[in-house]
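Chain naming follows the written order as A, B, C and D, and within any one chain the residues start at number 1.
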Amino acid sequence: MNLNVDLNGLLLKNPIMPASGCFGFGKEFSQFYNLNELGAIVIKAATGEQRFGNPTPRVAETSGGMLNAIGLQNPGVEGIIEKELPFLQGIDSPVIANVAGSLPEEYVHVAKLLNEVDRVDALELNISCPNVKEGGVQFGTDPRQAADLTSLVKQATNKPIFVKLSPNVSDIGEIAEAVEQAGADGISMINTLTGMRIDLHTKQPIISNRTGGLSGPAIKPIAIRMINEVRNRVNLPIIGMGGVASSEDVLEMLLAGADAVAVGTANFQNPMICKEIIDELPQTLMKYGFQSIKEVRNSRCLN
Amino acid sequence: MISDLRVMSNDEIAFNTYEMKLYGPAVAQYTMPGQFLHLRIGEGYEHMLRRPISIADVDLIRNVVTIVYKQLGEGTAWLRSRKPEDLINVLGPQGNGFNVNQYSQEHLIVIGGGVGVPPLYYLTKQLAKNNKVTAILGFQDQSSVFYEEAFSKFSEVYIATNDGSYGEKGFVTDILESQQLTNHPYYACGPTPMLKAIQNKLDGVSGYLSFEERMGCGIGACFACVCESTNQQGYVKICQDGPVLKAREVIL
Amino acid sequence: MNLNVDLNGLLLKNPIMPASGCFGFGKEFSQFYNLNELGAIVIKAATGEQRFGNPTPRVAETSGGMLNAIGLQNPGVEGIIEKELPFLQGIDSPVIANVAGSLPEEYVHVAKLLNEVDRVDALELNISCPNVKEGGVQFGTDPRQAADLTSLVKQATNKPIFVKLSPNVSDIGEIAEAVEQAGADGISMINTLTGMRIDLHTKQPIISNRTGGLSGPAIKPIAIRMINEVRNRVNLPIIGMGGVASSEDVLEMLLAGADAVAVGTANFQNPMICKEIIDELPQTLMKYGFQSIKEVRNSRCLN
Amino acid sequence: MISDLRVMSNDEIAFNTYEMKLYGPAVAQYTMPGQFLHLRIGEGYEHMLRRPISIADVDLIRNVVTIVYKQLGEGTAWLRSRKPEDLINVLGPQGNGFNVNQYSQEHLIVIGGGVGVPPLYYLTKQLAKNNKVTAILGFQDQSSVFYEEAFSKFSEVYIATNDGSYGEKGFVTDILESQQLTNHPYYACGPTPMLKAIQNKLDGVSGYLSFEERMGCGIGACFACVCESTNQQGYVKICQDGPVLKAREVIL
């Protein structure tokens, strides 16, 4: 079965990719399968300078999910370009670089540098990281700021921009419409929901940052709902994510309105999951009566 | 490497402490002491994070690996409820283990605390081939002590318990002192406060420490398990660069 | 161990109560244990007139939780007073009546009628039901509307009012402050998060209302975070809920800042759960070093 | 009533269809055919909702209950993976079953479709004590057929399959017609479209239908399983007022 998808000009051989931050820069997972299997590769957030992230513990388990507060640790955009991207040189799947920052200028700086790199095929604008004090999520909760940042970055690059939305908002459709109007080429959703756990022994938050982002199957119904809401209001391609752990979940997300699907937390439970999902997808589509991805699109569950 | 290993046995060997034996062809790769196995917990999606447990011993002829774990939370409770013939999905061996070839004809010290003791057993067996080994093992109290006899086959063994109910009363560092063992290369694994105390006491002596940190991926991709380091990039990942690191490589 | 708690004058013999909508009006659960065991009994939402609710299916399972869209089916406030409350006459635990409506006038009407009923000890103002077209959640997402409704209802009754907050908002602390200033006697939180699931066979939402409210252990980290956020901004007593299924969960919620704890979805998995939690609570508190509820309060995990 | 019942056996008896036998003292209460058991699924919190499964048979002497289920989703997959000696937490018996004392010396018809067949077996055994019973059982195809022989001990049996691969080709309603059985009191259980067709075909005849609806609590507290009804309050709860209801009580 032909699994190709076209995200507003970005062509993928199949709709499956790892979610940013859950796959590093690809190297570690290449010991489990050939990265050419992937529809795309979304790499970890890049900031203007190297960041060391939050103190540990940075992760905690929850029922059907996990909290994380890595705090955007990364070697900085130049470090990524020099040390991490060369490894992906031989891979023919598109690379989507996740862009983060504290100020709009930092986003623009990162986007400009990545614009010069052939190995980067698209940018994902992370306006939704709940784990850093400044930047990140505040751009993602106010439609005006989200739109302004989107058009600023859009001016700084020729590559397609997917804006990654935060689910920690009253009205996600409003943000999606704002970034569509500001020139986004697509939408990624959802980032993590802000959560917290308290260690009963120490009486302190388990995550040293106090709060962390909740991800995993626990949040899938929220992701499905939000993707469907945005699908009903916006025409941009959507990279859907949030709790996907099986080919059935992928189909559910496609029916909700996603055009491609990213897998995050499930990579930790099973490092082979992306490949397994890609292998199973044709069978799963057929099981539910679909002969192609296009037929799934035509069955989308719209209002 | 990911593989399903079959449970052979799962027995309580000390208070709340269990020894599990698992077998499968993948065990042939488990040659380096200090590495860990990243164990999938439960079925379905309730437990999205694997649990890191050290390799305690390996029988390379029968392809049997031994792990020893303390039941603390839900993950180790699930391990405890496994029965012979059940399968456990294992990612591993992960991380950087103990270098056993660095020394020969030396007097080496292995220092373990609580569930830091298990990886030192596989290490001691290997070190003892070419060296004299002294093992200093610390436990909470008498009921928590395990593997004393096993270690004694390959090494001299001292036991410390916090409350003095068995062995010497006090900490492993007290034994280092009382037995005048503060000048030998060492290998230590245990809770962070113990590692700190050892680093202080044995400052200047060459040693290896095995660290614990909460993990996400366990393979170096998620940056959950990062520790500040004196190395050039300023940090190490415990799951990939560790768990075993040179004593002065990590800032505790 | 003395488990009494004082919620701004509402005295409970222990901090545990069932959550509204998950316990009917008590009768069915009285076959499992004596309702006098409970710290309080929160009954199902009352509206001005009888409501028949949404078409079925009204529930669906999710990882670590469930979706529901009952749609406030209830016999109407008068029906509840006549047919349901008499059963609770012999019980000495306080009864908290959940109040819902489409318009502010309906809330006021319901509150006035309940004000005349001795068997009702407090009201819980449901401004957060995501499953009805009008009313409910819209009052819970706008601080101004939440405050206005609170003061209107406050004028209509002498009974203490707990305002039940929606988690589907960007800033829950803002809503909590608004209702505190408007005269609320306490806060209940959280109601369900809006979610969705799609049936792969029919390609339609499983819940006939399309979306439903997500509850259960899956949402506990979000509840803990929001309770902690509100605790840091508001002095009112908080009835915490969202995914509680064990006495450890209760302790975690108390440490986050709740004064009492409601158990919802877990009643479906185990109808005995409230009693079991109450029985275990003293042991659990002692296990983690507490001799009283007061000591737990003093260890709250504040900013 | 909540109790842990012990699995005795769990066998595939037709395509994707399993018969499980459970025992425990609580089974002594399972006297009314048509009631259901609300089964807890899995451990921990992944599955917060129980699954309703009908009582298919009861051995009151040995305290053994039989259920028959089709593996569809995660809950029934978990049931399928249960082994003898495992415990299953059971809430029940729930709901309102079939009234077996209303008739004697009558010719009664039981009509079942797919996994609607099991509760009719316990019913038929009881009805057959004082009545003549004819069972009309509908299945998808030959591979799905089960309990034909069991029913034949107590009743005349007709089988219909959708594709004609066994018994008569067509629906249970076709058999009602072809065998001229449209004037006898009836008891039916199966998918909603089947119940609708029966209600139409047997309009005016006294009958009982057993309904399915997605459930939350299973005890009447959550209003998840409500159906529109011709009764005074305008609705019934399937878990409490049903699953068995008079044919014209529910608006399908």
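Everything that follows uses one rule, which is that a contact is a pair of C-beta atoms (placed from the backbone, for glycine too) under 8 Å apart; a residue touches a chain by one contact, two chains touch by 3 or more.
These numbers come from a predicted model, not from an experiment.
S.K.: Taking each chain's centre as the mean of its C-alpha atoms, which one ends up farthest from the centre of subunit C?
M.R.: Relative to subunit C, the chain whose C-alpha centre sits farthest away is B.
S.K.: Roughly how many whole angstrom separate the Cα centroids of subunit B and subunit D?
M.R.: 55
S.K.: Just the number, please: Cα centre separation of subunit B and subunit C in whole Å.
M.R.: For subunit B versus subunit C, the centre distance works out to 46 Å.
S.K.: Could you give the separation in Å between the centres of subunit A and subunit B, each centre being the mean of its C-alpha atoms?
M.R.: Whole-Å distance between the two chain centres: 36.
S.K.: Could you list which residues of subunit C touch at least two other chains?
M.R.: Subunit C, residues with two or more chain partners: 63-65, 216-217.
S.K.: Which positions in subunit B touch two or more other chains at once?
M.R.: If we look for residues of subunit B contacting two or more partner chains, we find 44-46, 74.
S.K.: Could you classify the connectivity of these chains, where an edge means two chains touch, as line, ring, star, complete or other?
M.R.: Topology of the interface graph: complete, with all chain pairs in contact.
S.K.: Help me check something: in the complex, which residues belonging to subunit C touch subunit B?
M.R.: Residue list for subunit C touching subunit B: 63-64.
S.K.: Any idea which subunit C residues touch subunit A in the complex?
M.R.: For subunit C paired with subunit A, touching residues are 62-65, 67, 141, 168-170, 193-198, 200-201, 203-205, 210-211, 214, 216-222, 224-225, 228, 243, 248, 251-252, 255-256, 288, 299, 301, 303.
S.K.: What residues on subunit B touch subunit A, complex-wise?
M.R.: Within the complex, subunit B contacts subunit A at residues 2, 40, 45-50, 74-75, 89, 91, 213-228, 233-235, 240.
S.K.: What residues on subunit D touch subunit A, complex-wise?
M.R.: Spelled out, the residues of subunit D in touch with subunit A are 44-46.
S.K.: Please name which positions on subunit C make contact with subunit D in the complex.
M.R.: 21-24, 28-29, 31-32, 44, 52-53, 56-61, 63-66, 68, 70, 73, 75, 216-217, 245, 265-272
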